[in-house]
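Each of the next two complexes has subunit A plus one other chain: subunit B in the first, subunit C in the second.
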Partner chain A sequence: MSQAPQSNPSSTSPYSSPDVAVRAELSEIDASIRTSSVFFTVSAIFWLLIGTVFAVIAAYKAHEPSFMGGTEFTTFGRMRSAHLNAMALGWGNNIIFAVGLWIMARLCRSPVRHGGLLLIAGIFWNVGLTVGLAGIIWGDITSVEWLEIPRYATPLLAFSYALVGVWGIMAFHFRKGEHVYVSQWYILAALFWFPWLYVIAQIMIIWFPARGVVQSVTNWWFAHNVLGLWLTPMALATAYYVIPKVLGRPIYSYYLSVLGFWALALFYNWAGVHHLIGGPVPVWLISAGIVASVMMVIPVIVVGINHHMTVVGLHKEVWRSPTLRFVIFGAMSYTLASLIGSSMALRSVNEITHFTHFTVGHAHQGVYAFFTMIMFGGVYYMMPRLLKREWPSANLIRIHFWGCAIGISIMLIALHIAGWMQGLQMNDASIPFLEIVQMTMPWLKARSVSGIFLTVGHVAFAINFFWMLFAAGAYRTKQVPTLLTPTSEEGAA
Partner chain B sequence: MKNLPLLFCGIFFALAFSFSGIILSSNNMVGSLTRTTETLGEDGLPVEGDELFPRVMPGLAQQGKQVYIDLGCMYCHTQQVRRAGFGGDAERGWGPRASVPRDYITQDRVLLGTMRTGPDLMNVGGRPLNSDWHHLHLYNPQITSEGSNMPPFAFLYEVREIDGSPSVDALRFPPNSKYAPEAGYEVVPTRRAKALVEYLLSLKLDYSLPEAPIL
Partner chain C sequence: MDVESYKDLMPIILLGVVFFISAISMLYWSSKRGQLRDFDEQAKTIFTSEEPEGEVSDRFPGK
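What follows is the complex of A and B.
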């Protein structure tokens, strides 16, 4: 991306670079990281499907509590935790290791050395996670939010992560070229931040518990930063990489990129304590968290403007490209989710939304509508380049997109409305608690309906992916990139 | 960006800043708290001979907390009371005062929680609910709280044929309850159920602290 702006902004081809040498170099890098990236993507999709099953069970249990209530292994607390960990650490981390590291390798413009390291890390990660999830369901759940995995599995995860981190530093060390692109800042920072957060949280909550509510403070410093300093930077790095690639147009403003990055780095990591507003923790700490949460408006608006100005005028291309259709959906969700999040940190709003389904809806807007949708887009872009094959079915991509887009929209609307009403009613002590529970029921049922749409989307995605991976049927000969609306030009996903 | 040392320093100090500001400083403030008496003497020290608070939880209740943890109760129940005037905690009778950091210092695992699908439990032991009620509620919440979406924890109970005289622990169902076992059978709590109820009954915010008196 250090090259001059592409001369043909209407082209949707990522290989539009006139320089044959550049394309050959990228091709060589892709080949060097193919095995591990494919392995991580397969793992990620596997966990996505597992996590979806847990999600649907947990959602259904929320309004039919006796469903699968006969054994402790499927009780609500364990199912929702199995869902969270399968999605965050299974889907989220695997897809980051697949797409994020691939982008890092490409931007470092140097074929990957010791790709085997990544494969070992990947095996450890997935074995550790399997053990951890079995532990949660078996009853060794820690009941610490976002850290439910029992302590006998976490060293496996930490070891695996260390290998990934080492690889990331090596890839960066052997890079070619002076310029470091914005995606690399985000990925490099996230690779550094995540282990710090994880290790401190493990030590201070699980291994050597800190005194009293220091645990809760550490818990929310960690959990909110998993989103803010791990998932968010990786999704933004992906968006910053694929948007200009697909559109053949450089990012609108370098300076906005710089401002967005540093503002996020400075403010996001203070924001987590807003989960403890009104709680038994020092008030100045909460106030600092609220200030940081509101200051997050700066990086969010800046990134939003930067992305918007990059795609402005090319909306047809965005709609045509599977990659960008997902990525732009995610980028718009980022702006919306973050602005809602900033206002939720205000005490007067938080008094209503705290302890309600509103927060659950908000979390899904961040992790799903923003992060997951962008990573779907990243996979649609990456796979044809790794496998030198096109996506088999445009219809399956459409089903994937609409299943996810409609599903997540239903869920967000239902949970935000339910949560807001729940909060207002809980603050009015004249309304009996059970009446509030009854009031939320139709909305919780709507969430289960959203689960059907999301499941259909995920299954369509998985079918298309494995069809492509195993190159089954006659589609092998397909030469034209799979796009979602007709085009006279040649382009790629 | 070409200035790599600046990039690395920035990445490092960004998180170091919040790590020291949020984690280390709160560890400094809260880490030095100790148990104390309800009021302080004139010398500003705990009154000698008075009971120290918060209480240390008895052994069976500790085991019950482990059950509470491994069933994931905290994903629907908080253990924190917000001050009067902020939210409806006080009006709903969830506690006679706001909970403060010192209330949690004797706990190995703090379960503040962030979700109130069900009510707050900081002071559930202080409500007029006895162990009979808790056992029926855990066995099937519909018995005591019709329309609740709390899952049943019947797997913590054993349905067995009455052998001779009924067990003293057997659940006492309301008359004509459709959840009662067939004639000749009884429902008895397992050890885990007993421990869990003991834990719930031990959750009490019935004492003052110098910084948080019950008015």
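What follows is the complex of A and C.
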């Protein structure tokens, strides 16, 4: 591994150019996006905590239906939908706007212009979401999965998103340096994909509802692609940026990373209809979705090989880095979740897993074990650079990691096992339905236990974050290993 | 929206065609601008004098 900074005169990197007009130091870029990134991160953590409360209530009600059953506001349907939207659009989108746009700004090598645009977008997004969540709990829920937010709140979200999209295009347009790094491909593409998905789904389902089959196909095309063409590319962009950055080692095969991007772009958007296997949908459409789902094995394996080969031989460094602990956990979950997902799209497997807790477990493996864990890692890398401070407590980081890792593992094991047994039993007409429900009870209780671990992890994360943000004056860059200084001469953590 | 035939979805199909063409255009653009050549060098563009190649840049704090 080379110890010297890159000094190739024909380099495409303008970072270290002596020419001030060309040069864009990372610290200058970080300073220019600090306010909006911190705002989005604060919002994201707020929604993460709110979403966790909804999640715990919904999980507990799954085995104790009378819990908080005295009011319609806390019924399972509303709590579950409030949880989904708080996590996906509150935590997910805010943290994407924080970490993804920060990475985009760094890779465009140009200090951020019109940072106020992002702040306005952030305010509209969070106001819109608050109105939407209140609407769901109030009872104005739309009953369309992943699009539950009532229609009076969605224009606020769409306007906010448009501002972010415009900012992304401007950042790309005014970039310095010729090369477009693979993370930029993912982020730029996702910034196009998400509005396309959201607008079409809103038009065809909420504003001018298509009839029957077309509506359900649109619904699952949208819902699956929120994961595949929005959360996934943003998390992969983060992984492709921070893994080589932390290790100081270029990605193993840049060729494979570009191949993986285009394979994802070609295959993922077809896959959503596998949610309707067995439904009254044209068979060719389902078959096309199944083929695309299986084809997703290509980009998944490509990404898996690339990440593995980049860290091989440096596993100790991964363990010593808070960022990479989370990111590698997420990257491994991506491989596993995607391969299980491709299998679930096969008709023979889907016969068992459809309409069971297996699907719920799979969704959490994708959105939490993969996406969320990588974004946690991204925050651990980003914040010290934005604030020029180190994280105040290593122990809180450890509690965060272990709380989340143990919690999500318990949940995934419980729901996958429960779902598989549930599917097998539901296919046996001789077993009464209520007996099957009873069988799932211990597993659902295990999910509630997992919620305790996850809550502890999230609270530790929030304490550490706000401690760093508001009271970390005493913790400004120390002489001992910090997240900001070279660690090559220091001992193991 | 009543969808009696595929013709009713024509505006959305046309949008999809535009979307598809823009994706292919991006691939063509990246090829023309040399984005798909010299991969090893391009993978190093994320390293800078502030955060150079060969240096581990993240570790647990305080130890």
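The working rule: the second predicted complex is superposed on the first by the 448 of 493 C-alpha atoms of A that agree within 3 Å, B and C clash if a C-alpha of one lies under 4 Å from a C-alpha of the other, contacts with A are read in each partner's own complex, and residues count from 1 in each chain.
Keep this in mind: contacts are C-beta pairs under 8 Å (C-beta built on N, C-alpha and C of every residue); 3 or more make two chains touch, one makes a residue touch a chain.
Please read these numbers as outputs of a predicted model, since none were measured by experiment.
In the superposed model, A:Ala394 lies in contact with subunit C only, and not with subunit B. Once the two complexes are overlaid on the shared chain, A:Glu145 sits against subunit B while remaining clear of subunit C.
By the touch criterion defined above, A:Val214 reaches both subunit B and subunit C. Using the contact criterion defined above for the overlaid structures, shared-chain residue A:Glu178 touches subunit B and also reaches subunit C.
Contact with subunit B, but none with subunit C, is seen for A:Gly77 once the two complexes are overlaid on the shared chain. Once both structures are placed on chain A, subunit A residues 178-180, 192, 196, 200, 204, 209-211, 214, 258, 262, 265 are touched by subunit B and, in the other complex, by subunit C. For subunit A in complex with subunit C, the touching residues are 1-6, 8, 11-13, 15-16, 25-27, 107, 177-181, 192, 196, 200, 203-204, 208-211, 214, 241, 244-251, 253-255, 257-258, 262, 265, 317, 320-324, 380-381, 390-394, 397-398, 475, 478, 480-483, 486-488, 490, 493.
Subunit C contributes residues 1-3, 9, 12, 15, 19, 22-23, 27, 30, 33-36, 39-63 to its touches with subunit A in the complex. On the side of subunit A, the complex with subunit B involves touching residues 61-63, 65-66, 69-72, 75-78, 80-81, 139-145, 178-180, 182, 185, 188-189, 192-193, 196-197, 200, 204-205, 209-218, 221, 229, 258, 262, 265-266, 269-270, 272-273, 275-276, 278-282, 285, 288-289, 347, 351, 354-356, 359-360, 426-429, 433-434, 437-438, 441, 444.
Here subunit B touches subunit A in the complex through residues 1-2, 4, 7, 10-12, 14-15, 17-19, 21-23, 25-27, 29-31, 33, 68-76, 78, 80, 82-83, 86-88, 91-93, 98-105, 107-119, 140-141, 145-156, going by the rule given at the top.
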